[in-house]
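Chains: A, B, C and D, in written order; residue numbering restarts at 1 for each.
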Amino acid sequence: MSLNSFGHLFRFTTWGESHGPALGVVVDGCPPGLPLTEALIQPWLDKRRPGQNRNTTQRQEPDAVRILSGVFEGVTTGTAISLLIENTDQRSKDYGDIAQAFRPGHADLTYHLKYGVRDHRGGGRSSARETAARVAAAGVARAVLDALAPQVRITGYMVQMGEKRIDRARFDREEIGRNDFWCPDPVAAAEWADYLDWLRKDDHNSVGAMIEVVAESVPPGLGAPVYGKLDSDLASAMMSINAVKGVEIGEGMAAAALTGRDNADEIFLEDGSLRFGSNKAGGILGGISTGQAITVRFAVKPTSSILSPRRSIRTDGTAVEVVTKGRHDPCVGIRAVPVGEAMMALVLADHLLLDRAQTGGVRGRIG
Amino acid sequence: MSLNSFGHLFRFTTWGESHGPALGVVVDGCPPGLPLTEALIQPWLDKRRPGQNRNTTQRQEPDAVRILSGVFEGVTTGTAISLLIENTDQRSKDYGDIAQAFRPGHADLTYHLKYGVRDHRGGGRSSARETAARVAAAGVARAVLDALAPQVRITGYMVQMGEKRIDRARFDREEIGRNDFWCPDPVAAAEWADYLDWLRKDDHNSVGAMIEVVAESVPPGLGAPVYGKLDSDLASAMMSINAVKGVEIGEGMAAAALTGRDNADEIFLEDGSLRFGSNKAGGILGGISTGQAITVRFAVKPTSSILSPRRSIRTDGTAVEVVTKGRHDPCVGIRAVPVGEAMMALVLADHLLLDRAQTGGVRGRIG
Amino acid sequence: MSLNSFGHLFRFTTWGESHGPALGVVVDGCPPGLPLTEALIQPWLDKRRPGQNRNTTQRQEPDAVRILSGVFEGVTTGTAISLLIENTDQRSKDYGDIAQAFRPGHADLTYHLKYGVRDHRGGGRSSARETAARVAAAGVARAVLDALAPQVRITGYMVQMGEKRIDRARFDREEIGRNDFWCPDPVAAAEWADYLDWLRKDDHNSVGAMIEVVAESVPPGLGAPVYGKLDSDLASAMMSINAVKGVEIGEGMAAAALTGRDNADEIFLEDGSLRFGSNKAGGILGGISTGQAITVRFAVKPTSSILSPRRSIRTDGTAVEVVTKGRHDPCVGIRAVPVGEAMMALVLADHLLLDRAQTGGVRGRIG
Amino acid sequence: MSLNSFGHLFRFTTWGESHGPALGVVVDGCPPGLPLTEALIQPWLDKRRPGQNRNTTQRQEPDAVRILSGVFEGVTTGTAISLLIENTDQRSKDYGDIAQAFRPGHADLTYHLKYGVRDHRGGGRSSARETAARVAAAGVARAVLDALAPQVRITGYMVQMGEKRIDRARFDREEIGRNDFWCPDPVAAAEWADYLDWLRKDDHNSVGAMIEVVAESVPPGLGAPVYGKLDSDLASAMMSINAVKGVEIGEGMAAAALTGRDNADEIFLEDGSLRFGSNKAGGILGGISTGQAITVRFAVKPTSSILSPRRSIRTDGTAVEVVTKGRHDPCVGIRAVPVGEAMMALVLADHLLLDRAQTGGVRGRIG
C-alpha cells in the first residue's frame, strides 16, 4: 500500500495540507553515516519556494525545514528521518468561496465525491504545496547519491510554455538559473516573460508547460524487471506531481513514429568504456540504466484556479460561475522544475540501494 | 518491494522467461465467490496471442492457461490464484547468435551489465512474452470488475503506426476487431497493412506505434492522493510494458500547450447526474476518477530485433554488426493493445478494492 | 519494506528518538468521515505516560499530542494523519556515561555494530519512548473500530511480575485501573508493590513481566491465509514492542502439552449464534478470527538499565563495569500494558479494512 | 499487502491448495549468479516430506520440485524464481465427510465464515501442505546464505512432545537425524515413539509439540528498528506456520520471571572478538543480531483431525459429532521442524540483503 508513500527501499511518506499547521515527510531506509543538516536541505526548498518572482504565487513563506529525527551530530543514524515545514502564511479567508463550489479542472470535485469531507482551504491535500515535502525528502536522497554515486548530476528545466518551445540550438546550461523559468534558452525566456505578464494581467488566464529532467553519469545497472523498472518508477514519480498529464522517457511519444533502424542506439567500446551512437532510449533499456543520460519529460497542465469565469456547480448541485481569486501561479510548471529534479533524485537513490541489495553493486564485465 | 509484483491490494506477481518451460502469474487479494474458469480467461490470451496474422511473430503457441490454485468448483475462494502458461514452441537455436552480441535498443546489454548472467534465449525475462502473464491476470481483474462495477467497458486500439495516424473523424468502434491492427479507422488500417508488408519484406525494418486505451463508465472516486493516484498507477502500469517510452492521460503532453480557460472541463448537473463540457482531464482529477471516460495513450518504440544490420559489440568487447533473425513482430505495438487493456483492468480492479477498503464504496453527495 | 512502518492497509510509520526534539507517527489509509480530535487521542497517551507513580520512570512529560494533518473540523479526511508529540524533558546529561559503554542486554551494542553511529541519548531510537507514537496511532485505530466494529472491547493487564503470578480466581476487571500495575488481582497488586519497592531501593534491580491483552466481540472473519494471518500479525506487532521476548495466542506455549481431544474447542449453534465449548485457540483458527475473545500474552524482559554493576566493554574495547543511573522503570512491563492494547487496536483496524476490501464484510452463512 | 507473500526484499509468494493440481512459490529479489538447481532444493523437501515413517501422514508423494524460471544454466539470473511441486496423491474422497461439517480446532469454520466458499479437500489452503512451498523457497534462501554468510548453520529439533520434554543434559546434535522426531535426546526419542504409537492406535488422539530452531554464526547487525526487527519478523514467520500458537526468542516467556541482573548478558572482548557471559537474549538485542546464536522456540498445537469424536455443527447449523478419518499426522510438530528451519533461512536471507542495502555490510568498529 502506498497512498502517501513512495519508493521500494528508500521510502518516503508525506503528510500535510496546504493550510494546516505544517507539512512534512518521513524518510525510511536511509543508510547511516551520511552528512545531513538542515543547511544541506534548505537550498533545495528555497529553489522551489513560491513568492520569489512575479510569475509564481505571491504566498510568502520561509519554508524552513526542521530535522526532527534520524540525524545525530550532523550525520544520519539509519533510523527514520522526519522533516517538518511549518505553514506560516495561510490566508484561509481567501479560499472561502471555493468551499461550496467545484473549480473545473481541480481536485475539489473528486475529493468531495470520494471522501465526502475535504479540507478545501487552498486545496488541502491536493495542493502543490505537498511537493515541498518531496523536495525536502530529496535532500536526503541527494545525501545518498553523494555517498554512492557522487558523479550523478541532475538538471531540470522548462522546454515549453504554452505553445512556445525553446530552440535547442540555443540551449545554454548556464542560462537555466538566470531567469524566472529555469529556461535554458535566453530568447525563449524573454518571450515567456512577456507572455506570462499578459496572460496574468490582461487575459486572466494560466498556461501549461513542459519540463525536462536529465540525470547524467548515472551508473549502468539501476532498475529491474518487470515492475521495478527504472522508467516505470520514473513515470509513476512524475505523474504523481500535481497537474502532470504525460511522461516521456528518451524519444517518448515520438518513438511511435520511428523505425527500428532509426531507433537503434548503436553500441561501441572506446578505451574500455561504453559509447552509444545516439540516446533515443533516454538512458534506459529493459527498465535498467545504460549509463547514458537519463532523460525524462513531463507535461504540466495550466493552473485550474484562474480569474476567468468557468461554469460549474456547487456542492448543493446548483449552477455557478467560478472565478478563483487568491494567490495562484499562472504557470505551475515553473515550480514543477525543482520538483521533477527531486523525484529524479528520490528514484535514483532508491534504485542505488535496491541494486546494492541485489547485486552488491557488482557489474557484469565487457571485454 | 515490487520487482516482479504490481498492485496495492489486488496484487499480482509474474514470473517466467521467453524460452523457459513456462510462465505464469500469482494473483493475490482477489475477493471470494467470483466465477472464474480457464474458459473465461483464455479469450483474452487468444486476443494477445502471436501468430495470428502475418504482422505478428510467427511463433505458434496455444498459450493455454491453467488455473492451479485459488478456484474451487468454478468460483474464486479468496486465496492466491496461480495461473500457468506452458511454453511449447521455443526454438532456442534461432537465438544462438545473440548470446554473445548485444542488440542495439534491446535489454541484452543492461541485463548483462546488471546481472552478469542472463537467459539470452528470446530475450529471457525481458521478452514481451511476459505480458501473457499480465493478460492472464487481467482475466481475474475482469472478474472483479464484473462483480463490483459491471458497467465498466475497456477498449484499446492503435491510433498511430509510424508516422501514420488514424483520422478521428473515421473512428468506428466496430472496426477495431475487424483488422489485424486493432485500428478503429478502416482507411488507416488498409494503409498500415501495405506499409507493414513493405517494411517487413523489403525494408527489413520495424516501426513504432501509439495505443489508446479508454475505460468508460468507471465509477467516480477511484484513486487516492498522493502516491496512490490513479494516473500515477496507470503511468507506472503502462510504462512497465515492454518498449513503452511515453504515457499520457487525457490531453497528455499536449496539455503543456493549453491555457487554463481551454483546459477547464466545465461541470454541470443534469437530471441529478454529473456532466462535463469536455474531458481534457482524461477522467482523472487530483489522481481520482471523475466518472468520465479514463483515457490513456502510450507510445511503443519499434522492435529492436530487425534484419537490418546495426553496429554493436560482443560481450568480449569486440565490434560486431548485429542482424536479428528469428520470429519478431515488425510492430510490437499491435500486441501491446490487449496488454494495455489488461493493465487498465488490473489497475481499476486494484483501486475498486482499495476504495472499498477506505470508503466502503460510499460517495460524497451532490445536491 | 517496513523498517519503521506497520500494517497492510491501515499503515502507520513512526519516527523519533528519545531525546530528539519530538517524536511522531503518520497514519495512512484511514477512512474519511471519522470523528477525531486531540482530546480523543490524549487519554490513551496519558494512560501510557511515565511519571505517574513511583514504579515507572520519573521523567515528567505532558506527552501532548498534536494533529498536524488529515483531520478537518474534527473529522478525518481520508488523507495521511500526522501526529506529533514534543519531547520536553530530555535530561541528556544523565546519559553521558553510556555514550561510550554498552549496557548489557541493551540495544547499545547492536546499534553500534550495525550503524556505526547512534544517538545514545536515552537509547535514541531503541528507547521505549517510541511506543508513545504507537499509542497515538492507536487513537486513530480506535476511531476506525468505533466506526466499523463499535462492540469490540480491548483490555490489557499484567498477569505476572517476576515469579509472582496473579490468581485467576481473583480476577476482577474493575481492579485493573485501581492499582499501579494494571493488575486484575488486588492481592497480587499489593504484593507486587512491596516487591518492586524493595527491588528498586534495596536490590537496585529490575524485573520482567507478562501481559495479557484480550479483544472481546471481534467479528469473525478477520485475518487471512497465509502471511496475513491475524495471529502472525499480532505476533509481529507484540514482538516489535521493546523488550518483548515471547508471544502467545490462546493456549500459547502450553499447546505443546495438549492432546487433540483436549485442544478441540467444540462448536455449537445456540439461537442462531456460534458458541464454543472452550477457547484454547484464543479466538483465531487458520489465522482468521472465530468471533471468540482474541487472547494474546507477551513476556517483557527486565529493564536492562539498572543500578547494579554489570561487566561490559566500551566502544574502544576496554572492559568496564556498567551502572546505569538516570530515570528507568524497574519493570517496563507496566507501561507495556497500554502499548499492547494499542497494538491490538492497530492490528484489528488494519484487518477490518482489509476484510472490507476483500469480502465487503459479507460473512458465509450457517444454517 | 502480504496475504500470500513474506519478506521485505527477498520476498516469496506461495500458492496452492492441498488437493489442487500443484502448489508452488515465486521468489523475488534473489541476487544473480548463485548456483541453484533442483538437486540443491530437493533434499530440503525430502526432509519435510510426509510418509517417511509411521508417525507422519501416510500420504505418499515424491514432492519433486521443478524450477520454472529465474535460473539459467544452473545459476540464478536475478529474475523471479518460480518453483512448482505437483500434487500426485490427492485422495479427495477421503475428505467427503468434512465438506459439510466443521472440525473443531480447524480452519474449516473460519474459512467458511470469511469466504463463504472454500476448497474443503484436505483443508485446501489451510493445509500444512502449503509449507512445502516455503521449504522450497528456503532452498533459494540457503543459496543466498551460502553466498553472503556461508558460516551460518541452522539446526531445528523437537524439545517437547505433549508433556514429555527432552533432558538438555543428554543433548546430542548427532542424534537429531537418527530418529523419527528430530529429537536430540535419544532417551526422549524412544519414549516419544512408544507414546505416539499408543496415541495413534489406542487413544485415537494427537498431541502438541515444541520446536527449537537455532542459527549459529549469524553476522551481527542483521535486523532493524522498529518494525523490521529480526525478532519481530521471526515471530511473524513462525506464527504463520500452521498450528503454531506461541513463539519465543532466547529466554522467551520465561524472561517475565527474571530480574535485570540475571538477564544481563555480560559483554567481553577476547582476542578482538565479542564474547558474552550468557545468551538470555537469544542472539537479538533491539531487534538486531548480536552475533550470538539466534534461538527461537515455537509451540505447535495437536492435530485437529482425530479419530475421537468431537461435537460440532454442519454448515446448515445442525449438530454433529465429527470423527476425522484420512491420513493425518498424530503430531504435526514433527514436520514443523524442517519448516521452522526454512523460515529461519528465509528471514536471515531477507535481512542479509536488507542490511547490504542499508549499510553495505559495513560494521561499526569496536576497539
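By our rule, contacts are C-beta pairs under 8 Å (C-beta built on N, C-alpha and C of every residue); 3 or more make two chains touch, one makes a residue touch a chain.
Not measured: the values here are computed from a predicted model.
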item: Chain pair with more C-beta contacts, C-D versus B-C; value: C-D
item: Centroid-based (C-alpha) most distant chain relative to chain A; value: D
item: Whole-Å separation of chain centres (CA-atom averages), chain B against chain C; value: 45
item: Where chain B and chain D are represented by their mean Cα positions, the distance between them in whole Å; value: 39
item: Euclidean distance of C-alpha centroids - chain C vs chain D, Å; value: 26
item: Junction residues of chain D - those touching two or more other chains; value: 1, 3-5, 8-9, 14, 29, 32, 78-79, 114-117, 125, 224-225, 354, 359
item: Complex contact set, residues of chain B against chain A; value: 1-6, 8-9, 14, 102, 104-107, 109-117, 125-126, 130, 160-163, 199, 203, 205-210, 220-221, 223-229, 231-240, 242, 245-269, 272, 277, 280-282, 284-291, 297, 299-306, 308, 310-313, 315-317, 319, 333, 354-355, 359, 362-367
item: Footprint of chain B on chain C - complex, ascending; value: 1, 9, 29-32, 78-79, 224-225, 353-354, 356-360
item: Residues of chain C touching chain A in the complex; value: 1, 3-5, 8-9, 11, 13-17, 20-24, 26, 28-29, 32-33, 66, 68-70, 72-73, 75-82, 84, 114-119, 124-125
